[in-house]
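Each chain carries a letter (A, B and C) given by its place in the written order, and its residues are counted from 1.
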Amino acid sequence: MFQLDGASASYNGHAVLTDLKLKISRGERVALVGRSGAGKSTLLGMLYEQQKDNAALIPQDSSLVKTLSVFHNVYMGRLHCHGSFYNLRNLVSPRRAEIDRVREITDKLGISEKMFEPVGQLSGGQQQRTAVGRALFCGRDVALGDEPVSSVDEHQSREILRILNESHETVVLAMHDMALALEFTDRVIGLKDRRIVLDEASSDLTTSDLARIYKA
Amino acid sequence: MQFSPPVRASLGFVGLALICLFFADIEVTTIDPWREMGRLGLGILTPDFSAVERLGDALLQTVAFAILGVAAGGILGFSLATIYHLPLVRPFCAFIRSIHEIFWALIFLQGFGLTPLTGVLAIAIPYAGIFAKVYSEILEEADAGAIAALPAGTSHLSSFFYVRLPDVRAHLKTYSFYRLECALRSSAVLGFVGLPTLGFHLETAFKQGQYSEVSALLIVFYILIATIRFWVRPKYFWLYVIAAPLAFKTSVAIDWSNVTRFFAHDIVPMPLRRAETIDFAAISATGDWLWRIMTEQAFPGIISTLVLTQIALVATGVLTLFFFPLVSQRFFGIFGRNLGHVFLVVVRSTPEYILAYILLQLWGPSMFPAVVALSLHNGAIIGHLIGRHTDELPQRADAPHGLNLYAFEVLPRVYGQFLAFLFYRWEVILRETAILGILGVATLGFYVDSAFEDIRFDVALVLILTTAMLNICVDIISRNIRARLRLTTTPDAG
Amino acid sequence: MLRKLIFTTAMCFVSLSLAHAETFVFTAIPDEDASRLRERFDKVAVYLSKQLAVDVRYVPVKSYSAAVSAFRNNQVQLAWFGGLSGVRARSLVEGSQAIAQGWEDQSFVTYFIAHVSAGVKASKSFPKSIAGKTFTFGSKGSTSGRLMPEFYIRENLKAAPNKVFSRVGFSGDHSRTIALVQSGAYQIGAVNFSVWDNEMKAGHIDKAKVSIIWKTPTYPDYQWTIRGDVAKKWGAGFTGKVTKALLGMKDPDLLASFPRKSFIPASNSDYDPIRRTGLAIGILD
């Protein structure tokens, strides 16, 4: 599915990742761990480039359009499936059928009552759930999430991760919460000092194993 | 479905503009414009620099008026900005900037004649009003924390020079140099009323249909504006100010009796001027006189000014929405963007007065060419600013493309800013409609120009004051709408 | 460096005001193409300078009112005015006099011209069928392009021009009036006969597109007007010298550029008909 063979990446002339060797197969559920700035987002971006047509992306800053409603932001997950004029029509006056389709997802995420409120007026957690909603609405096989549950409580986090797992065949998520990473993924890749320092099955790891990666 | 307040406001404005269209005269009246247009096109393609009489001279004077006007306006405006919070200063500034440079020039022409002082004051005075407003807004932005941290008992003056000024100096400087570019446009346009700047020759060449000369003058003008950052060194600005008067060829001697006569006699309402004593009869005759001006000139002038402004404002908005992607990294590659930049620079550097002049030839004398000229010019200005702004928007790797990107990702994000700029330009467009009156579009400016032509300065003054009041009203409405919609941008355009 | 620059600038101001103090300056109403005016009046300046033995300079202005204002403010001492602008200027400057007019100016005429599409035939009497069409005057302050045509329109059609016509414009000058009617931007226009004849001779007029439909009765028009206080600066009898120089203009080239056959004496009272017409239509107070 994904394959990196000695890839590297740099940002503003500074190397972020070097000599990366990595293979992720269909059906795997992978957690990316590492300190901020370790290159998780960059790695996710490289993976996305490989599977643009199959993957739904949940970027870190969630990249929502704050002035548009939850409905519109979620609907944006399927812009590519319709003609521009159909999309424009839905922008100005959403169609019943599309609202129903979006509601299926927002119901799962518990944000249906905010359906027509501008995203900018929602809490951080609600915004994050909207971003997840957009990815779910894409209906892709692969989900690439950059800390998709960083601003929601533990109960909601579990719910979102469960839904992401349930709706996608392959999942790669950058995560901070070690317990959740072990619980919801079956493989953990640890990044440190611009390279992969850990790549093992979740079942073989404990949270204290992971904590080491965060030490200097 | 409920629309958000900005969308509701926009729809309201579009609706109003559509209603105005019913009342507007937007007929195309020319029967055979193509011969003239063909000649114009050919002329534009074959610029003839040798044809322009005294080109270098006109260029120097254009720059000299602009530099002195900005310097004087800047000093005056800065002084006013420091006392902006005092009563009456704000309305005073609103008043002096609500009168167009051309009208100021027409006023000063009566007292000072075609002397350099007329040109410099015509730029300096309205610019002082604009500077005062913007400088005070910039000074407000100074770091409040740093001011609070000063020891108690620090004087207003000390805190001003120690904290406020250093904090915003760069911003003040950037804005002032942006105004210098505007002043060059203003200076060129002053030529249309007889001052010896580029506009003087441009008007002559246009009138005579010498389009190769027009082309040469416009090209020189574009180059002048495009290269401004190379030939103006902020460090030496004050040296330029001292050197600028050397460019003037005409005498600067002023006959003060002309000035006092203008204020003590010419602008006094005619019935009062003629009356032996100020009694009831004289006052009532003045009332009748004023009533006649208001009903026969001011009122129809206000109506057509507002109609034209409303249509031009909405058309500006629509064009902006087309223009801004042209210079945005999100939509075009480097080649496309550069083409877009050239297009927008040319359109926005051409004073709307000149655009309107060209379009009037093409379509004949109605509001239509005026609307197109105003909206092209202003649309290019706002389009440029919004386009630049889109480059700073957050990008996500999985963003859609083309129309979807435009409608779902970019437009919703920049819409607030777009409206802020547009409402900010509202007052500017209104001011500009006034000078299009000089070209024959029956706005208030048309009646002002007629009053000057009839040497009825008292009537002209009444009409100019009417224009100023109208501008101030629109400014207040625009400020309220911006506040209500929470559009907080302070656009650097004016 | 700085001080030197300030000094030079200051000196420039001084020398400029000195240099111009004794120059006799005149202007003319911009009724035609500016470059043609410049060519014409620069030649006049050379001629007058030779005749009067003082520095004479022509300053171009952009509008009729600017010519009047410059005269009134003593920035020019002599001006080639139209009938209306001359009346205005003399009413504003006490002691100023009309001193010379062109031979043709005793009986000046305005032509009403029409685009072929207007379908108006030439006639001896006022063509009432122009009502409802589009119409352009020349400059707002012009005698032949505004005052007289407006007078005859009001007299014959019993209403103000903006009520009579579907659209009224002011072209700015006579050359533009012809161009605008020729392009069809306006159907009817009013134009100074001398400019029309000149443009016709120069071959600028397409007879298939635009033609004369009516000629107004005659009226007095252009004249040279001089300020009453010129004697103070240029000595007693200066007005007489200027008058003599103007009347003595015999160079056919120079005269052709106006175009006038010759200049003849004029007086303020010659223009009373213009003043009365101006008062009648409310263009003068």
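Methods note: a contact is a pair of C-beta atoms (placed from the backbone, for glycine too) under 8 Å apart; a residue touches a chain by one contact, two chains touch by 3 or more.
Quick caveat, the model's predicted, so the values are computed rather than measured.
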item	value
Most centrally placed chain - per-chain CA mean versus overall CA mean	B
Farthest chain (mean CA position) relative to chain A	C
Inter-chain centre distance, chain A versus chain B - centres from mean C-alpha coordinates, in Å	49
Distance between chain centroids, defined by C-alpha means - chain A, chain C (Å)	79
Geometric centre distance via CA averages, chain C-chain B, whole Å	32
Chain C-touching residues of chain B, taken from the complex the two chains share	25, 29-33, 35-36, 53, 109-111, 113-114, 192-194, 200, 203-204, 207-209, 239, 242-243, 245-246, 248-253, 255, 258, 270, 361, 364-366, 440, 449-450, 452-456
Chain A - residues contacting chain B, complex	45, 48-49, 52, 55-57, 59, 61, 63, 65-68, 72, 76, 79-80, 84, 87-88, 91, 93-94, 116, 118
Complex interface listing, chain B residues touching chain A	1-2, 4, 6, 394-400, 402-404, 407-409, 412-413, 415-416
Of chain C, residues touching chain B in the complex	2, 5-6, 8-9, 12-13, 16-17, 19-21, 33-35, 59, 61-66, 68-70, 72-75, 88, 92, 115, 117, 134, 139-141, 167, 169-170, 172-173, 175-176, 179, 183-186, 209, 283, 285
